[in-house]
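Please see the structure below; I have some questions.
Think of it as A, B and C in the order they're written, each chain with its own count starting at 1.
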Amino acid sequence: MAGPIIQCGQLARWYGSVSALTAVDLNIPAGITGLLGPNGAGKSTLLRIITGQIEPSSGTCTVFGKNPMTDESVFRDIGFCSEDDALFEHMTAREVVTFLARLSGFPRAEAAERAAASLETAGMTPNADRQTTAFSKGMRQRTRIAAALVHSPTLILLDEPMTGLDPVGRRDVLELVRRLAAAGTSVVFSSHILHEVGAVAGHIVVLHHGMVLAEGSLAEIRADLADHPFTICIRCDDARSLALRLGALEFVTTLKIRGRDSLEVGSDSALKLLSALPPLVVEAGYELTEISAPGETVEAVFQRLLK
Amino acid sequence: MAIHERIYQRLAVRPDKPAPRPMATLGRVLGQHAMRGWRTRLLFYGAFVPGLVFALIIYFLTRNEERVLGLARQFALTEINSFEDVDSEIWYRCGANLVYLLLGHVQVWFALLLTAMVGAPLVSEDLRTQAAEVYLARPMAPRDYVAGKAWVIAQRLFVVLALPTILVLALGNLLIPASFVASLPLYLVVVAFSALVATSNALLMLGVSALTRSARYATAIWFLIYFVSWIVSEVLVGSTDNTVFEFCSWRTNQHIVLSEMLQLEPLHEELLDLPSIEHSMLPSLLILIGCAALASWTVLRRMQPRKV
Amino acid sequence: MKSQLWLVALFGLRHMSGARKLVIAALLALLPAGLVLVVRWVGPAGAAAEILQSGVPNLCLAVTGLLALFLGCGCMRDLLEERTLGMLLTRPISRGRLAFGLLLSAMILSCFLAAFGAALSFAVSSVGVHADVATPAPEAFLLVGAILLLAIVHTTLFALIGLRFRKSTVLGVVWLFVVEAGLGSIPGPARILSPIAMVECILSPEFTTRASIESADGEYAVSPVTALIVLAVMQTILLVLHQRRAARMDFLSANVSADGP
């Protein structure tokens, strides 16, 4: 893959005395990127700077090598769906999307065709000719997603795209993100719902208090945090015997035998435990059927990052 | 703490204490919130500057007896040679003209601007952010909501209108003690008129604010009502010589009430070159109260649950 | 690119015309005609002709100022407060062009409403049985033309105020009061800051305005041609400032709080 599509250097943004972003250095590659962070972490501010809607207080931000604040041509390649629950009133969904397609430079007929197609993609075709004032939150969100897709951008930025959607809608959006990525479109989306980010994003940026806590794939982030208290569940043919051997290791802190073939091992160093386990199993000739780390979800990683 | 949280906290019924009245709570908390902006504070405190100027003028005027007598001569329209010739009616006229000038021609402008600054967002912002529904989900009737919001504007308007005028009047009485007894009814007039303007302006502003979800448009509509009705009234009276069109103007109706309360006819006309008022106070009073009632009904109607 | 501008202007027109504010603006525009009707109905004979000469032009100028304030301040700020501006800002259109397109829509609407109101007040006075005024076509055209000029300048001015200040309506009213009503009435060079005073010079001596009254006293030294030049220069400066402001503006931060007028 070529270089990063979004580059932020020492990006900072203040709202009066409140710091929304602090010295953010980011390189977002092509593919699916998830911006993860609790409310108020600076995700929306970052996306608004990336889309040139607000100016950074200091630092630089380029998208496809262009400054979005001064070079509007970059928006031919960018589609943005904001988190604001707002749509132009007194228009139908089709009119909104068609208007935005025309503003992106498409002639009337092509804009209408594209609007119909993107409304279909967002699941809004049955309600396309209804006034937006009568829309539910989910319908407005779908319309905004359709508007972000209408000009076939190569980069789509979605700010909290799952907000207001029912479980089916959420699944549809995640599916859409996967489909877009498969078709070669890069997607950057923000969320504070961890499993949604973990489910689709190949690249994750964890933000907290306006700072980047971690960046990379979930595995990379986890590797960075490798040496931490860690618990694994092991299924093997002789759990009791394996427990005896593991109990001799100084970094193993807890051992729970759950039946004849199941064992839970706690350690104060994940790195040491994961290094010691394979030679020990091979040496004694155990038959391992399953190793799992139930606590090692994206939520747990996130919690550790916040600590 | 967010303003809604503060209101909820105060509205929360504690078993050991009686439940606070929602109207009072709303008025108190939103009142503090309304005065946070520096522009509003500047306008509120700036409204005392004319009173200060008037006070200084009165102070320097009363240091010279001849000037005081000259002024009394103008009000009395008769020959006055010494303070013995100045009776209580002349002192009343002096005070009444001072009140008419300060209250009716200076402080009302501050009240006009303050009504817009404080009142415009009160309902429109609630409609925009759907906070009205949150308020009414509490043990709070729509009339409490209207009264609480109106209180936010009215109490500030009352202070801006009444306080500087009363202080200036009191200073005049202090410097010329002979005028005190004659001026006593003026204090009542100032309080009554200030209360009337504060209440009617507050309720009308709330009605205007309930017409739109944008505070900016509420402000624009408020000024349109005030100025356009005034211009229309002036043009119609000038063109048709029919003074009944004076009732079209919100401002003129307030002036008619003040002028009638002070019983200024016809002295102020000659001294201050002000237009003569040919009507009694009652129609104007009814118009002001009627418009305020209509505006309150508008807000209450907007607060009703929408039929699907 | 030119089509993008008109697209935004048409969108702005549609956005404004769908809202309740258009009803209020239309009522305001119809006010002079309504007044003429009332005067014809209850006033003495010839009163309508008199009001057309003095009352209507002044009222039309005031109404145009208020209309421009009503529509100009909101042309950009409405979208900011509705939080829909981001949808337009993230399209391949420059901020200046976007702001100009929206200003154009406010301009078209205020010009149409103000000119329609002025023309209608002439029509109301000259049609029907016992019409007070015969056919005052040249005067009507002069008034409509002058009002169009004023609507353009004022809408640009208030759009600029709307871009720059959050409490734009209050500031707009202060402008109308201090500059138009106050400064515009005082003889002297500072008067050229008041667009209404300049338009009054153009209307003089056909209509009775502050300009015609004072020119009779020899105090009003601005000729109609000078007034036209002043208005043209003023409009150019306002447009340049508007474009510069729009290009540099941090729109969303300017709307962190939409809590006031």
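As a convention for this text, a residue touches a chain if its C-beta (ideal position, glycine included) is under 8 Å from a C-beta of that chain, and two chains touch if they have at least 3 such contacts.
In this text the structure is predicted, and so the values were computed from the model without any measurement.
Visitor: For subunit A and subunit B, what is the smallest step count along a path of chains that touch one another?
Guide: The distance in steps between these two chains is 2.
Visitor: Quick check for the class: compute each chain's Cα centroid; which one is farthest from the centroid of subunit A?
Guide: The chain lying farthest from subunit A is B.
Visitor: Of all the chains shown, whose C-alpha centre falls nearest the centre of every protein C-alpha atom combined?
Guide: Central chain: C.
Visitor: Return the distance between the CA-based centres of subunit A and subunit B, expressed in whole Å.
Guide: 56
Visitor: How many angstrom lie between the centres of subunit B and subunit C, each centre taken as the mean Cα position?
Guide: 30
Visitor: From the C-alpha centre of subunit A to that of subunit C, how far is it in Å?
Guide: 50
Visitor: Going by the contact rule set out above, which residues of subunit B touch subunit C in the complex?
Guide: 37, 39, 113, 116-117, 120-121, 125, 128, 211-212, 214-221, 223-224, 227-228, 231-232, 235-236, 238-242
Visitor: Please name which positions on subunit A make contact with subunit C in the complex.
Guide: It comes out as residues 15, 48, 51-55, 72-76, 78-80, 82, 84, 86-91, 99-100, 102-105, 144, 147.
Visitor: Can you tell me which positions in subunit C touch subunit B when the two form their complex?
Guide: Contact set of subunit C toward subunit B: 20-21, 24, 28, 31, 35, 38-39, 42-44, 47, 50-51, 55, 59, 62-63, 66, 69-70, 73-74, 77-78, 81, 167-170, 173, 258-261.
Visitor: State the interface residues of subunit C toward subunit A in the complex, per the touch definition above.
Guide: My answer: residues 4, 7-8, 11, 14-15, 18-19, 82-84, 86-95, 250-253, 256.
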